[in-house]
Structures are given as C-alpha cells and as structure tokens.
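Both complexes shown next keep chain A, but they swap its partner, so chain B is in the first and chain C is in the second.
Entry: the complex of A and B
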C-alpha cells in the first residue's frame, strides 16, 4: 500500500514540475538570468555589440559614487515617485469618496476618470507636449485667461518634472480611484451614520473611519503606484529626452542613455542594479512602515 | 427641472405621481420658495458640482486630440482661432495614413498582443494548477520566484534582455516583443487564488469518475475560473497593446513595428510642428482600444477594479 502511495506521489511531483516547466524556462531566461548577468556586467567593461569583456571589479560602482549626474537622476526619480504616488492617491481617494453613493451618471464618471489608463503612454505624452506648448498650448491660454503668468513648462528646468507629474496624476488616479471605490463599498454605512449622529464632521469621518478601514487597499494601491511609476521612461523619452539640463532625467532613462546611446553596458548595468535595489528598498520600506499599521477588517 | 420634480415627489409622500399639473406648479405646491428647493437639491447632489467640472477637465485632453485632428495647420497656431475648428477638416486622416503604414502596425500590434495573451494563458494555467492543487518539494521557494517577478520592473532588466535577444538573433523580429512576457508571475498568482476557491469535492468527484489531473483542469477548473481569465486577459491586452519602451528598443523596421512605435515615429518625423496630422494619427492609434473599452465598459472596469497590477 505504501509502495503504491509513493508511486502516486512521485507521479504527482513529476506532473507538478512538468506543469511549471514552461513558466520556469521563461522566468529563468528573461527575469532571473538577466538579473544575475546584469550583476556580472556591472563588474566589467562591456560595450554594446562587442563580445569582448574586461574585468573591472568595483570600478563601475566607484564611478557611480563620483557621478554627479547619477545623484541628480536618483534625486529626480525619488522626487517623481514620492510626489506622484501620494498626490494621485489623494486625488483618487477624494474622487472615490465623492462617488461612493448611488449617484446618477456614475458609469459615465467612472469611465471618464478611468479612460487615460487605456491611452498608450506615447500618445498621452505627445498630447501633453501639445497641451504644455508655451506659445500656443491650451494650458497657457487658460492660465492667460485666468490672469496668471504663462509658463515654459517642458522647456523650463524648474517646471518640466512637475509638468510630467501633473500628467501622471491625470493618467493614473482614475485607476487608483476604481480600486479604492471597490474597497469603499465594503465599509458598512452604519459606521458613517453613527459618526454623523455623534456630530463628527466629514473631514474627520474621512480620516478616522474611511482611511483606517480601507488601509489594506491603500497599501495595495501604493505598491501598484510604485510599479507604474517606472513608466515615466516613456514620458521622458517622448516629452523631454531627459532635458532641459537633465531636470527630467530619471534612473530608467539614464540606464537607456548609458546602455544605448553611449553603448556602455557595464556602467548601464551598474545603474540598473541600483534601480533594482532602489525598488526593492522602497517596497520593503512600504511593507515595514505601512504594512504593519494596516488595519485588516475581518478576514481580509 | 424634471429632476427637481422627481426629487421633491420622492421626498414628499403627499404628492402622487399622477399629478398632471405643470412642473412649476408642482414645485410651488410643495415648497413655498423655489430657491430653497434648488438649495436642497444641490445639497443632496453636491457631488455633481464637484465631479462634473473634474470630468470635463479629465476628458479635455481627449477632446483636444479629436478637435485638433479636424483643424487646419493654420488654425492650430492662430491665437484668435478659438477652440472649435472653423470647418470640419477630415483631410488629416488620409494624410496620416499616407505617410506611415498604419495598417501594418495594426497587424503587428494584434499579432504581438494576441501571441502574448495566448502564451500567458497557457503558462499561467499550468503553473497555477500546480501551485493550487499539487504537493511537491520546493513549492514555497518556486512560488516566491513567481511572485518576485511582479516586483522586478522590466525597466531594470531590459538592457540584459536586449543583449540576450541579440545573441539569439531575435532583434527586429516579432518574437523579440513576445518572449520576455510569456511567463507571468502576476497571472499565476491571480489564477492560483481562483483555483483554490473551487470546492475540492468537484475535483474529487471527477477523479472518482476516472479523470486525470489534466482532464480535471480542463473540464472542471477552467470553466469555473472564466471571470478571472477574462480579467487577466483584459489587463494583459491593455498593457501590451500600449507598451512602448520594449518594442521601441527591439525593432528598427516598419515590418515589425507596432502602433505605439509608429505613432512615436510620426511625432519624430514631423518634429512636433504638424500637430493636426499627429493628432489624427493619435486618434487612429487610441481609438481601437477606447472603442472596445466603451463597448465592454463594465467588464473592463470590473477587471481593473478587483485586480490590479500589470
């Protein structure tokens, strides 16, 4: 009997590995092998399209520490991530709260806020270049109409990154709003009713009832926000090419510049590795700080 | 106005729906001052006063794309021309189609997105079943490997992937745009969760009837997790249909380029000056997906609402 059981078990193990094999091959070839290889490259002098490879040791990393532009790029990336994510989530939360009732035209509102997610990043970037155009762009026309000064937006090193941030809020907050809306539906409405009867105002209802109760979802949205924030490469590529004066140059674009424009795979890999560490660090930080304080309602 | 009538009717049981007087009379009969009616209506529907202008703001870039695509070049740069095109000028559309092979881009986009979707559905179904229903050594470790893939951005490994594909001689081919995305940690995770919710009595019954694992997977599990498959499919298609960076890096000729790349090239060749043609191109590129979205709105919204990530 136990012999038969062992055969069945062995069969099951064999089947399991057979089922995993297709995924594992592609995971290994295009996710894990590149990570290992990227580390290997970072210790060498490698040129794009040149099979020769020269040992450098830690030299690329020392170069990184000395590279003023790298630190600027890292700062830009951090600034973009740390402003875009909170701002889009705040906008998304306010939209979701305003829509969390039986509202006529709900479907129209939802789609109108969500549709930017469906637009290819290259198309979105291009349209916003037009919208931001200093001479004839509608945003400057609107500012002018309101009696505000015109701005140079993407041509001004002070305003270029904020301009991309504004566009990102437009592009993604509708997505976050949808996810938050699903969470708001689960908050029991008698909680609001009780608070209202106790004379709790709308702002503290939001801060003390809504936010704690949907905190698992907020946490989830922050992680999604992080994953989507890499897409800034597309916007930088289409809208500014990192300029003016590298004010919109971010890690992903800097990797591209070094690897493809200067063909220095070794150094580009070194930057890519720091991006990986940056990302894993941020996710770890979010998990440690917010993940612990998250309030789980019931089982979820 | 009819809104006010309906609301006041709902609020007060005294009025019956059959009151066939004019709207103004009905309002006056219930509440003395029409002004306070408006105020009450406004306070109950305050959301509209915030949301409606915001919706307009959100839609304005899309409206701007379409309006500009119907203008003439002169109008775009003329500050006195106003927002609407003076005459609807459709000539930009044929002009755009004449400068770039958008038909070919469309075919490539469909081939790439379709192949990724089919390949992903196969790999994630098989892997998710193993993780959900089978016991084997290293299960936890392997599952972690799948989950970590979600966190590693393609933007951090595109460089080495490019080198690998070049060594394989796949640069500037359709497979180059497909192979990095065949395995999906996220899809595997989503589907594993769905499989685990299928009651084990069902598969036990099938096994007693003599079904093997694969038959159970095909006849019992897959039909039951269809909503998850659709949700994952929608997210996958939207992501890869719109993808820009990776196809940009691995293609260098029209025969393999996808729609977003074609649009980017159009922008480059026009050097930003010919906005009317560019916006016509944008409308063409954006509309297939937006159209599908408008038709299957609920499906799309549900997919993104309850799942997330790429």
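Entry: the complex of A and C
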C-alpha cells in the first residue's frame, strides 16, 4: 500500500517539475543569468561592443561611492518614489471610495480615471511635454488665467522633477484605483452601516474601517508601486533626458547613460546591482514595518 | 427608553412599492416582533426606523421627536445585524468601545466601566481581548449585543439576529434575549421570519406580508384569532388546516366530506367560506365522526404524533397519541372542537366572526 502510494507521489512530483521546466528555463535564461552576468560585469572593465574585459575587483563599487552624480541620482529616485507612491495611492484611494458609491454614471468616471493607464508611456510623455510647454502649454495658460506666474516646468531644475511626479500620479492613480476598488467591494456594507449607526463620521470610517480592512491590498499596491517607481525610465527619456542639470536623472536613466551613452557596461552593471539591492532592501523594510500591520479578513 | 411611532410609513424603489402604509406604535419597554416571510418588507421597515433607508412617505417619531429624515446617529438607536457586523480587525473590547470613543465625550474610565458592565451581563468577560474570528457564532452574537448595550440607546433594533446560529444555540440565545429584555427593561424592535421566535419573544407581534401589516397583537391573540388566512397559516406549527366550503341559503356549510349547520344570526355571509382548524382542535374518533378523512402521513415527534389527514382534497394536521397512531392509508373519523374552529371569507381570506355549529 505505502509502496504504491510512494510511486504515485513520485510520479506526481515528476509531472510537476516537467510542467514547471519551460518557465524555469525562460526565467533562468532571461532573469537569473543576466543578474549573475551583470554581477560578473560589475567586477570588470567592460566596454560596449569590445570583447576584451579586464578584472577590476571592487573598484567599480568604490568608484560609485565617490561618484557625486550617483548620489544625486539616488536622491532624485528616492524623492520621486517617496512622493509619487504615497500621493498616487492617496488619490487612488479617494477616487476608489468615490467610485464605490452607488451614484449613476460611475462606470463612465471609472473608465475615465483608468484611461491614462492604457496610454503608452511614450505617448503620454509627449502629451505632457506639450501640456508643460512654457510658451503655449495649457497648464501655463491655466496658471496665467488664475493670476499665477507661468513656470518653465521641464526646463527649470526646481520644477522638472515635480512635473514628472505630477504626471506619474496622473498615470498610476487609475491603476491603483482599480485594484483598491476591487478590495473595497469586498468590505461588507453592514460594517459601514454599523459605524453610521454608531455615529462614526466619514473620515473616521475611512481611516478606522476602510483602510484596515483593505490593508492587504494597500500593502500590495505599495510594493507594486515601489517596483514601478524604480523602473521609471520612459518619461525621463522622452521628457527631459535627465536634465536640466541632472535634476530629473534617476537610477535607470543613469544606468542607460553609463551603459549605452558612455559605453561603460561594467559601471552600468555596478549601478544596476546596487539598485537591485536597494530595492530589495526597501521592500524588506516595507514588509517588516507595514507588512506586520496588515489585517487579513476571514480565516487565518 | 422610549415610544416609537410609525405613521403611514411607505417605501418605494423606482416606483416599486416595498412597504405600504405601515402604522405601528411600539410602547416603552415593549418587545415588538416584526414577522413575515422573506421579501415582506419587515427588514426594510426596520432599516427605515434605523435611518439606513430613506422613508418615502409617512412619519417616524421616537420619544416624541420627529426623526423621519434624521441621520441614523441622531435617532439614539442601536442595531444588531444578522451578520453581527463586528469590525474584524478590532478586539471585542474595541468593537464595543469604538462608537463611544468616536462619538461621545465619555472618559476612558466611563467607557471601560460600561463595557465591563455589559460584558458581565452577557457573560463575555473572558473574551474581550479576542478578535471576531477567534469567537464562535454565539460569542460574536453576544459581542454584537454588547456593542448595542454600551450605547445605552432609547431603542434596540434586531435584524434576524439568530438566523446564523444552529438550532440549539438559537434556542438558548432566545432565552437570553428574553431575559435581557425583562431585566434591563429595553424597548426592542425585532425582525424575524421565524414564527417561533415571534411567538416566544414578542410582547406583541406585527405580522407583515407583501409590504403590508396584516395583524398586530399579543402572540396568543394572533394565534387564537388570526385576522386572515395568511396569518392563520404563518403563525403556529403545525400550520392551521384550511378547508374551503360552500354556504347555501339554508344555513348549511357543505363540503364533499361533511356538512355543517351554521347559525344564520348574521346576514351577509358569503357563498364561499374557508374553515380553519388547528391540529389540537381536531381529534380522531373511533366512530363515524363529524367528517371522514384518510391518513396520508404519520410523523412521530416524541411525545405525540402528527397526522396529515386528507379531508376531500384538503389536508389538515391532527395531533394524536403515539401509541396506536394509524398507518398511512387508514380511513379515520374526525371530530372538530366546535368552540374553537374559525371561518374565513372564501375570496378575501378575512376572518369572519361567527359561531359555527357543525353537524355530521
């Protein structure tokens, strides 16, 4: 009996591995191997298109520590992340709560707010270049109409990064909204009714009932947002090319500059590896702090 | 505590009427049960009292104040939901404290003493630091009641609070609710579809069907004198047997299985009548009896037997002894308790107040 059971079990395990194999091969070829390879590159002097490589050891990493621009880029990226994620999640949450109401025409608003997500990022970037244009851009026209001074936006090192942040919030909020809306639909409506009878106001209901009950989804959205924000490249490439004066230069763009403009693959790999460690560290931090406060509904 | 008055309350959604013209007064310290089948409008009526649904027409007065359009929190009511609606991320203690902390100026110590007082009454002192998912159904129910108690509202609303519990627990909680009502002198409006809950809990029962009030009265009153055939069959288990008969001009009530003489003291008796008999108002007889019937089904329920007997095309239930209960298919004679059976209008189903003299 037990012998036959063991055979069946072994067969099932074999089948499981057989089914997993194709995706494992792809993962290995296109994810794990490049990571290892880039770590290997980071220890060498490698130039784009040049088959010769020279052993450098930790020299690239030491160079990174001394690279003032790297620290500025890291700061830009951190600033971008720490503003874009909280702001777009707050906007998304407020939109989702509004969409959750049973008012008529909500389907239209839902589509409208989700629409930016479907626009290709390069096209969206071009549109916002026009919107931000100093001379004729609608945003400056609006500011002017309100009696506020016109800004140089993408050409002003003080405003270029905030301009990209604003655009990112516009682009991402709809996506987060949709995920949060799905979570909101799962919160039993009688909890809100009980709170209303208790006299708990809308703000308190949002903070003390809605947020804790959708915390697993919020947590998911924060982690996804973190990953997204470190991959931001297209907007910078299309809108500012990292300028002016590197005020919008972020890690992915700096990797691109080093690898493909300065053809220094070794150094670019070093930055990429540092970014990877940085993101993993941040996600770990989020998991240890926010992750522990997440409340899962239903059975444990 | 307070009196609650519903005056001509109506509710409609997009021109579809769900509650018609309900007028009802719940006296101070009364346990009023709204009972009826699902979809009869009882929950909607309760939710209008709570302020969770708008009142389309009519007036709602609590303790002398018109609260027809007041926000829920302005009505000084507390509600226990069918699903309990406990906040899943809070402990039992926090569940009870949350509303008080957010809406009253009570000190922490006062809130604490209220919660412990309620916990004492409900016997949940040991459960206060547990979360809902760590509690059984009955324990959650107690916490939900505790959350209502600590508010010290004028009126308690219960929306099918026992229907998620198993039969045994439901029985026990019924007793507990009755005790709470008696000991604390609460004013309660309680919604249920279970006529046994209505009969055992209510000081008065309001029976609803299709959005309309059918009858309001003390449980035994409704049981003994149902206003119409709907109430007659809904209240009481086993349900009342209904036998359609014809009345002819000579004062005889005729049916294929029997004939009965009627006291024609009252004029205006309709041609079509319905005779209503409860199981305990019929007995089997060794002789021919007033009517003949055939036993269709025999249920032995312990102390007694319930016999389903076909009288012509109709079926009625008869209580009998377990010993010697007749087998299905047996022809039996039936005697009716003439002082207790009732008559209903054949077309409208309304009760007719009339003495019947049945003859074989």
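Note that in this section the second predicted complex is superposed on the first by the 279 of 300 C-alpha atoms of A that agree within 3 Å, B and C clash if a C-alpha of one lies under 4 Å from a C-alpha of the other, contacts with A are read in each partner's own complex, and residues count from 1 in each chain.
Definition applied: a contact is a pair of C-beta atoms (placed from the backbone, for glycine too) under 8 Å apart; a residue touches a chain by one contact, two chains touch by 3 or more.
Every value quoted in this text rests on a predicted model; they were computed, and no experiment measured them.
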Name the contact category of A:208: first (chain B only), second (chain C only), both, or neither.
second
According to the stated criteria, A:134 is in contact with first (chain B), second (chain C), both, or neither; which is it?
neither
Would you sort A:216 into first (chain B), second (chain C), both or neither based on which partner it touches?
neither
Is A:244 contacted by the first partner chain B, the second partner chain C, both or neither?
neither
Touching partner for A:198 - first (chain B), second (chain C), both, neither:
second
Which partner chains sit in contact with A:34 here, chain B, chain C, both or neither? Use first/second/both/neither.
first
Which of the two, chain B or chain C, is in touch with more residues of chain A?
B
Identify the partner contact of A:162: answer first if only chain B is touched, second if only chain C is, both if each is, neither if none is.
neither
Under the touch definition given earlier, write down the residues of chain A that touch chain C in their complex.
188, 190-191, 193-201, 204, 208-209, 212-213, 295, 297-300
Residues on chain A engaged by chain B in the complex (per definition of touch):
9, 12-13, 15-17, 19-20, 22-27, 29-35, 37-38, 41, 48-49, 95, 98-99, 101, 103, 105, 107-124, 126-131, 135-136, 138, 141, 170, 174-175, 178-179, 181-182, 220-221, 224, 227, 230, 233-234, 237-238, 252, 255, 259-260, 265, 268-269, 272-273, 275-276, 279-280, 283
For a test of understanding, state which residues of chain B touch chain A in their complex under the given definition.
45, 47-48, 50-51, 54-55, 58-62, 64-65, 68, 76-77, 79, 83, 122-124, 126-127, 129-130, 134-137, 139, 142, 145-146, 149-164, 166, 179-180, 182-185, 188, 213, 238, 241-242, 244-245, 248-249, 259-261, 263-264, 267, 272, 275, 278-279, 282, 285-286, 289-290, 293-294, 297-298, 300-301, 304-306, 308-310
In the complex, chain C touches chain A at residues 50-52, 71-73, 77-79, 81, 83, 85, 87-89, 98-99, 102-103, 133, 147, 151
